[in-house]
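Chain lettering (A, B, C, D, E and F) follows the sequence in which the chains are written, and residue indices restart at 1 in each chain.
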């Protein structure tokens, strides 16, 4: 029997996820135009894999398939996996990544809404640990033609060193750590940099930013996470930069390079695996920013956001527990 | 009063039993240790020799290598922060080669322990990794037993090299602008070993004479 | 004087659907062929029946006497004959039956003698008692007896009259305020006096401009300090705590009542009923009910308490695709399983529902923790956490997360993109917790009684054993009486020795009985299992010769 | 060898003495845990757990002799609470100890009762009233539904009747999960 | 000074006993069902491990090394630790019977919590001095406690999840631990920066 | 010691109370050493020896051990035996010793050893205690073998790497050929957790099936060993 309330707002998980996909489009467009158009192929591969994997698991578990597939959450995960991975990966890495995200992370915990970890980020971490070399081969923005990219993705010979370049973050790290260069010289010397972030990549950051604003306007995400993430990353990198400008890159560099903007609006904000209370969201996002910065600058991995997200995912139950908002009528009864 | 009495008594009793057990089992272990010590030492020597033979052909010297050594204190050039030994190979009393215990401190997983043989002519005899914590399957190719390329293991490229062929500034992996090969995705391990061998070579060149001159077992 | 308004967290804005039923004036519903007046007007208490079948009653006559502190009297809503005292379905989610007086109206609708009551002439207590005998209960939802809520006559700073009517579709309070503003204001003034308030505020959602205007006019004409305040339209602004918050800024603390903060809140209908009772001597026998939804003639009707819903519905002519009926609003109302349910004092609205108007919820998906529900919750709860625990039946944890601060307003379920019937989970958890509390009480009681019984048996056994022992010792002492003279030299009193011996024997005996007696043996373990088996399977063999 | 023995003996003496002393100094009496467990048990005193009443069962659990899933009246909920208290894994009710039944009370058919008082003696909570040779009745509010009185009755006049649902005991049902009901 | 800080950071995060060194897993899996017990176990382990590290250092440094008794290391360390554990057990049993019951078989098993032996052995192998050994023991046990608490938080939340039946219970817990150790790999290198 | 107890011990050790799958004890070596089959099985066998002997020793001496110091004494015994095994390996099986390296001393802290001593040997006669030790150990060995096999296969595409150090002349199998990129996670700690998690799930599934299929426990222990024989 159905009980009250009998009326509902016309909202659905599907519409939420659709909005997220739409919001990703500016970024994806920038990606295609500026960096590597092959990303479209990857998105396609990932989408198909994700849907097939989800359908298969649901059938195995004897659960209705249609509603779960049509909620589009698997597609969001798949797209985010692709957008975090280098675009010229062989197709099977993408497939494997998506399978990890959907099967091992999402469905082992019971499917949508129940995974304590961000599926896309687990996929990234697993793959960078498993295939560190493949996962750190990024193409220089917009310098390889589509056919070559497609060859790389679909197999075929890989003369990697000839093709791949370091991402801005990677080059900065290697430059600063091993060749003793200063921030400025790294920025000037390399041909792959624009003013901030890598050349071409800052357009992606801008695209993601625009999409993020759309999500904010649609009230699909709240301001807490993006603001806390961006602000903390800026402040932490700013402190180091001010202390030693030659050794530490400026905040704008950190914000515009790597996956910072994608993370700020699309990854940190994953509702399922993130903190939920307003204060919790601030702590969660700020924590990610701090850890990500430390890993980027001092750690062993070129991009620390994925690990930072996982590490903060671990803390979510505690954060949520300790930041429960004061319930109506309990003001003052709590310190 | 009786409480204390029983407390003391119980303590004594348990202590007594504990002692009996301890004595019995310690005696057992001691006995075992005594019995096995010669065998263990022999095996260790043999192991060491096997390693040295890997980097230095057994025929190239005629002294008892393991007994002809210099104890190095903490030597940053060799990556030794607790000291180690430097063995001296001689042929008919003439210095033939030095075998260094060394370490590369900056491997991906921490220290990489090495033995490096340097000929009296400044040529590298060979390099072997004795212990490391590099990632299995990724960085462990520096150890020829784990290297998939069995015919031409990565570490083999150092044999016979000297500063005569490779200028010190070139003694780096290719990625850093040197001449040595590395495996993509695990540059760090290769870099660590390469740089460490370079440092050993430099050290050998500088201290060769002093090393051969020192009396055996002495510390430098 | 424009009061500063405050805000409450959350809330939602569903389509109001007020226009359907608010345009026509309140019409009197015709007399139904039969009235079923439940003796139980709320979950809290049931009245004692005062009539017998065959008895003739007049309108307003007492047919049930309130029982207990929370009882109020029940009255016949028209004149006629009592034809039966029979169970009838209740307007309650459970659909359970309750005892009701069935009256066959004689069509004359003949009142008892009505006399205005001068509440100023009597003591406060008498006035409150009078309201109780008039059956005045809150008409805003819970049906709580008004005389209780009027309290002890001091400490109330602000009286609030709730004209918010925040639920969609319902317009009975709106119409009442438009048409009988003066009576409401008069009722409010009486409440004001009785409760001893300093000011009276009437909160009305600003989507009811006519009602606000009418009430303002009435209040202006009225000597008492009654202030009409328009509040922003946002469900559930009419919730007591929310309204108090909006009008006064006071946040009623958890577990506390408004009175403890100097505020008390009554529905406009209650105020109206109080006016009728005091100035016209009329007990509460009718109320305004909105008929709306999927009907051809929506509107508001003055309906006698006890009118079956089905007879009432005929007035509005439900359309053919109607599939069920709701009582109350679409946010908090219940589905009426049985159309013979009578209108009660709190039944404010009947909505005919069709799949088009109230589509069945889309399939429930898992919660994605999007937080929409938390943003909508007026109680600042985290509904998805409550849901997560309730779904796992971890109700203790749900309680820790303040389950009982949930007012079941339904805002969370309204916004949930996963279409989770959140409130159902909360109701489930709440009733589970109540049930557990009942069980805990029962088990505590059982433990006490069990332990007492054990103690009693033990004592009886000991007494018996002591008696036996004493007897035995006595006889023995008698037997060896002469020889014992020297024996007792050690003790200065021979009697004492006797008693000591008896006690020692008793102890010994008690020891042996205990080990043989299953009921008092405390040792666990396998040794007791056969005892148990015997206790369960053939206890009469054992127990008959046990020293119970 | 000798040094080894001496060193180890020294260690052993010190530790052995310390432990021996501590085992006296910190000796524990009583077991407050039993009370906590007992508070969870439903106090039906029915003995279905294999122990003569709830308290003995509580003691057995505390001593590690009994498992936590032996009390049918406590049901799944009771097991869950015990598991929670003791930090153990939840496990379903052990089959050999019976199954969870709806709560019932005993009712004595007053026509048949011969007043033998056997049921009074059996009832662990004194929920049956009546004098010898007179008709007995069960006080429903006190009856825990343990069924212990059923067997002793020589004329089989005691029957267990499930408690009807009243407005006070009515519960909201667990919302149906129509989507994923298939396990 | 900063080397001491790195010892702690290294022990807590980078080379977390549970996730990187793979020590102490039995209590990690066994006592992490509830937050409170996790905290209790963490506290007990911290106490034992810190004390054990210090004592082990002293024994190694002043008894075993001077007399060339390195082969007694395992034995003497574990005996000392076992005694400390048993002492703790007796004290807890007296002062907090509930904690004692809850920690159940794990208190005696602290002895075989490999971390408790592994950490002192490691600190000998790493040639730490007394202060470093203490810090290393303390840091490792804090790392253990951290892992335990985070894990318990997640496991409490997992209670309500619709995990596939064969994975319910320990299997999913194990997999969760896997994701946690993956996450902790992110700290790699943070104890070595200049 | 009759056949019945033997069967029970075997069934318990190999399947019903399997240390890694059910009791979740002794996890550290299971997870840490299972990077390859050879490592895993060798250490498993060393553990079997220690378990058997220590169970025997404790069961024989159990009546002389006071309660308060039982744990230190048990540990003393186990540690002494472990050291003896360690020294013996070092002296007489030096190659094997080098492969196992630091893992042998860690047998001391393998809580399954102490757990069995506490739970079984301290209460039972020496013979069945020894059998129990062996069976529990063998339960560990097959699990280690399977785990090591999977991880090695996934992580580096080989099987039995390092076998040449145990049995000279044999060489590892490159199952997936030399081009296999190596799914490194397999040999890293996360891979250990995942693989064991999946094995536990698999065993749960088998147990669930069995529980549905037949109410009584299977009489023969051959089924318990079945997964072991599935190991390559």
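Details
One rule holds in what follows: a residue touches a chain if its C-beta (ideal position, glycine included) is under 8 Å from a C-beta of that chain, and two chains touch if they have at least 3 such contacts.
Chain by chain, the UniProt names read as follows: A = Ion-translocating oxidoreductase complex subunit D; B = Ion-translocating oxidoreductase complex subunit G; C = Ion-translocating oxidoreductase complex subunit C; D = Ion-translocating oxidoreductase complex subunit B; E = Ion-translocating oxidoreductase complex subunit A; F = Ion-translocating oxidoreductase complex subunit E.
The shown structure was predicted, so the numbers you read here are calculated from the model rather than taken from an experiment.
In this view the innermost chain, defined by its CA centroid being closest to the centroid of all protein CA atoms, is E. At the far end from chain B, in terms of centres built from Cα atoms, lies C. Our note on geometry: chain B versus chain D, Cα centroid distance of 65 Å, whole angstroms. Work out the mean CA point of chain A and of chain D, and you get 52 Å between them.
In whole angstrom, the spacing between the mean C-alpha positions of chain D and chain F is 39. In chain D, the residues that reach two or more other chains under the touch definition are 4, 8, 11-12, 15-16, 19-20, 23, 25, 179-180, 183. Each of the following residues of chain A touches two or more other chains: 64, 67, 104, 110-111, 114, 126, 129, 131-132, 134, 300. Contact of a single residue of chain E with at least two other chains is seen at positions 71-72, 75, 79, 83, 86, 157, 160, 162, 164-165, 167, 169, 172, 175, 179, 182, 185.
In the complex of the two chains, the chain E residues touching chain B come out as 71-72, 75, 79, 127. Those residues of chain F whose C-beta lies close enough to touch chain B in the complex are 35, 64-66, 68-69, 72-73, 76-77, 80, 83-84, 87-88, 90-92, 94, 97-98, 155-156, 178, 182, 184, 187-188. Residue ranges on chain B touching chain A, taken from their complex, read 108, 138, 176, 184-186, 191. Here chain D touches chain C in the complex through residues 38, 41-45, 47-48, 50-57, 59-60, 63, 65-66, 77, 118, 121-122, 124-127, 142, 144, 148, 151-152, 154, 165-167, 169-175, 177-179, going by the rule given at the top. Chain B contributes residues 22, 25-26, 29, 33, 82 to its touches with chain E in the complex.
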